[in-house]
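Down below are the structures I want you to see.
Presented sequentially are two complexes of chain A, the first with chain B as partner and the second with chain C.
So, the complex of A and B:
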């Protein structure tokens, strides 16, 4: 047995004898197991529920009776975002954003009914997830286990003996590092199990194991910091105090500070604010309901010329449908412009937040974790964009039906009585224009490349911490 | 006693560790309140801009309208909950629940659940506000300041001598700890007081906030005091204390939250929306009476004007919008009551966790707790009712359109 493994084994023997260490490890392990099982169950339930709701929404849409096509534009449709498989480890922003959105003509709605709105409010840490345990609690466990890792030898006088026997400080540190590494490896088991399970649910191995790798690096960063503190500092209590301060700073203070800073640095106006600006522009475009609006005069001239007729009554297509389709396209372009601007500002805020990863590895891992799991802000934005495409497509398809399958004269006469209004309907078969919508996470390649910066930051932290351990271990004197 | 305190203060001045923690507490407090004040100002500015833009937009929308129905259709009204004069200390639910809407006379359930909230990351991670500092970080700082009072003397081999020389141990440990706790409280609270002056918060609120901070520090002091009587190495004491902090700040709240939410189910929001939508949409194809009869049941004074002859009338349109809300009302009530009872129970359970208690107490003082967000939604509902009460007596008897009357449209007043 090499000296390094012997040192590591000795460390383990001491840990197993310490009641505090065993108790702490058992508590963390129990919490981890319980939270993981609860979260897996919750997410599985949500996933099947959302999928059912999506299918039900499509069925009711298809099942609508014969109607005026514009009624269906306002009847609308729903888009649901089922949580991705890895959400059972990292639910991410899903709880805050709401996961369903109502889609209708002329409007872009927000996602509604976020879980947090109806949640029991018990302060900042009450929403425990497996990911938050890995981010917050495991570093603390490493601190409890390792703050005196090296120091112990110094305190008990064994350091002098070992150095005198010709063991170098580096070798000693390597043995201690090995001991911590085995602890980290053992605590990676629940995450590995979740990762394997998620691949059985269709998650890609690349994303799942990048997530495992990310957390492994993160815990190693903490392990290295703990080891370095135990080498450099001369008193147990001081080492523990300093490490707890580092944890307090990295895990509690900096992430929230980063949120304050990104909110103060980039002002992202809310939807109502940007909508008000937009509404002023929208009025210039004219109202899609009113085909006689002057803004449509030019369109009218063009369409009349195209079909070589004199009046809209002579057109082979329904003028009102043409107008609805034209104004929906114009309005959507405008709405999308503002929505993109808003999302870009939010993305800029998130970039500033990620940048603080250089001050706290906890920020780096939490960003990487959300991104790799497909529960980050960018995925929510993609959901908004895709549901908008779904909205625009079905609205325009209905407008096309309006233009081509409903006679203009009948349409104009629709309010003349029950019979006239019955005639101004189209066959329900036309509702099949709605596309099936199944929101899926980004491809694993996409997610891993988006997580590059955070993973890079984590690697940087690891290199820095390991170099620090190495340098301080080489300098070990009595 | 005073002499003891003076002595301990001069000892403290030489304790670099203690000075570091105290300085840190002060710096964090300054950061927390200044971000809070900036954010609150920004929100007030946003609201001021919105009020102006909203009025302009409404004036524009009402121009050229010729019917009551279309005037009501095109006029949106801003509703909002302004941040209170103490919101800078606890942003609470304002990051995850909406505090501004633009509503019109259509079915309210289709509008009120819109959530114009900020960046989702904000709600997820949370802000570094004073409430968080006082609830979660301050106890840790207190632990770091106090855990080795006795143990460090033991390590320095002075403990027994010290205890033997002073008359009673309370003369020694009490002033020593008191100086630290007192200074910590003072350094945490001073920035809060200054910010409260700037924001002109009410004295009562500030007094309560001060009492909460001091009370929570006293409780944590008691915990530290009890633990540090154990004759163990300082690192074991610190580990134990951090364990207690974890249990009280994380484990108890997380378990209670899960239990409360499981025992108080709220209806799925999607169901409310779906029911309301289906009702409104079905109404188009149903006989007019199917809408007007349930409508008149709630508005008997309009019974004389509730017969619709033609295929289309604005009053029928608004009637079925309201009937959609009426249909969804039981679910909405369940949702609202579910939220409130979750909040009530969370309030009870928070007595078990000082961190949850402090955070909730601050949110309550700042009107940023769940109950305040529900109160805002109630105010929006009340305003929507006023809007209908304004339009119905004009629209139903089909009084001739008079744009001048619109100058007395109800104006939204935020909940106070």
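So, the complex of A and C:
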């Protein structure tokens, strides 16, 4: 057995014989296992529920009886964002963005949360996810295990004995590093199990194992920082204090500061705030329900000219449907303009936040983790865009039905009594205009490519920390 | 022929303070040389320079004629070192401690060999499989000595080796050291125990505030006179 392996083995002997270490490891292992199982259970349930709800929403829409087409525009439809398989490890932005949207005419609604699930979590305990344990708790356990790796030898005098046996500081550091590396490898087992399970649910192996690799590098960064502190510092209490401070700084202070800094640098109004600003402009576009609104006079002139007729009653199509379609297009352009602006600002904030990964490896891994899991902001934005496309398409298809399949005179007379109302309905077969909507995460290649910056930042951290360990180990003194 | 241990005008500074000032001595093969001095005289620091743990600010330190600075690994491979605070692992048994440190030194020893070493230092059989955290200081010291013996190096550095041992164990230890020297091992020990140094050493050097201020040798097969050394020690310390 090489000296490096032997040193690592003896470190393990100490850990195994230390009740405190074993107890700490057992607590973390239990917490990790429990959180992973609970999150898997929750996400798996949500995944099947949302898919079922999506199918049910489509069936309900298709099952609507003969109606006036504009009633169907307001009857609306739901778009659901099922969690991707890796959300069982990293729910990402799900907790703050909502997972379903009610789609209807003339509005871009805010994404909603599943109330039944949220009600059970009024205390916010669901925020304790496997990803947050890996990002926050495991570095802390590495600190507990490793802050005295070298210092213990130095303080007890065994460092002198070890060096006196002809071993160099570099070999001692390599042995200690190997011991920590085996701990980190054991830490990775639950994540590897999740990765394998996620591939059985259709997740790409590339994304799943890039996630495993990312967390492995992240924990190695912490392992190297812990080892370097243990070599450089002279007292165990100082080492523990410095490392806890570093953990607080990297895991809590920098992320909090990064959030504030990105918000301060890019002022992004929320959905409700932009909706209020938008209302004033929306009014200028005219009311699509009122075909006589002066805002549509120019449109009326153009359409009459196009069909070479004098009055709207002479048109071969239903003028109210034309107005509804035109109004929806104008309104959607306005809404999309605001939505894109808001999403671009949010994306800019997110980029600034990611940049702080250079100050905290925790930020780098959290960003890579969300991206690789398909639960990042970009994925949510894509969901918003795709659901908006779905909304616009089905609303405009219904408006087309309104314009082409319902006579204008009958339509205008629809409130004259039950029979007139019945005549102003179109056949339910027309509801088949709704496209099937199945939201899927980006391809693994796309996600991996988007996570490159964060993964690169993590690699930079690792190289820096390992170089620090190497340089300190070469200068080991009693 | 090169002396196994030698210092030439060795000077050492730690945190800006002079610890050793132009100390020169040699220790011949098979010789027991005791460096005697009070607290802070620089005794332990002298030992650590032979292991390359401390870098001299002046002069030279040689092991088997080779500068320690040029090849510290060769120096460490030639030396077995018994530190002042018996530094072994409390969570391991005596067997495990020795197995580990010998492994690090690139040497392996079977149970019989380990037991033979424990027998030589009179470590009780029942204690050998117990963790060192339950040992007395004397038992820890015996375990450390057993490790030094098993290293089978030509040079042995002992830092306050009898500290914490009872009188019987001290006598046994002195006998052991003498036997090792007779077997050809070169021994440098540092101590503030005048009586013990005179009992066991062939030569005693008196170190005071980093300077070698006196040397006493055994002559005509007689032991070094304790009274003389004690008087010199007391006089120098009082000066």
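Following the convention adopted for this analysis, the second predicted complex is superposed on the first by the 457 of 478 C-alpha atoms of A that agree within 3 Å, B and C clash if a C-alpha of one lies under 4 Å from a C-alpha of the other, contacts with A are read in each partner's own complex, and residues count from 1 in each chain.
Here is the rule we go by: a contact is a pair of C-beta atoms (placed from the backbone, for glycine too) under 8 Å apart; a residue touches a chain by one contact, two chains touch by 3 or more.
Note that the structure is predicted; figures quoted are calculated from it, not measured.
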Touched partner set for A:63, first chain B, second chain C, both or neither: neither
Which superposed partner A:128 touches (first chain B, second chain C, both, neither): first
Partner chain(s) touched by A:3 [first = chain B, second = chain C, both, neither]: second
First, second, both or neither for A:277, with chain B first and chain C second: first
Touched partner set for A:252, first chain B, second chain C, both or neither: first
First (chain B), second (chain C), both or neither touched by A:13: second
Dominant contact partner of chain A by residue count, chain C or chain B: B
Chain B and chain C footprints on chain A, overlapping residues: none
Contact set on chain A toward chain C in their complex: 1, 3, 6-7, 10, 13-14, 17-18, 156-158, 160-168, 477-478
Contacting residues of chain B [partner chain A, same complex]: 17, 24, 28, 31, 35, 38-39, 42, 46, 49-50, 53-54, 56-57, 60-61, 78, 92-93, 96-97, 100-102, 110, 113-128, 132, 135-137, 140, 144, 148, 151-152, 155, 233-236, 238-240, 242-243, 246, 249-251, 253-254, 256-258, 260-261, 264, 266, 268-270, 273-274, 277-278, 281, 284-285, 310-312, 335, 338-339, 342-343, 345-346, 349-350, 353, 355-356, 359-360, 363, 369-370, 373
Residue ranges of chain A in contact with chain B within the complex: 20, 24, 27, 31, 35, 38, 53, 60, 65, 67, 71, 74-76, 78, 92-93, 95-98, 100, 102, 109-114, 116-128, 136-137, 140, 144, 147-148, 235-241, 244-245, 248, 252-253, 255-264, 267-273, 275-277, 279-280, 283, 346, 349-350, 353, 366, 377, 380, 414-418, 420-421
Complex interface listing, chain C residues touching chain A: 48, 51, 53-54, 73, 76-77, 79-81, 83, 85-92, 96, 100-106, 151
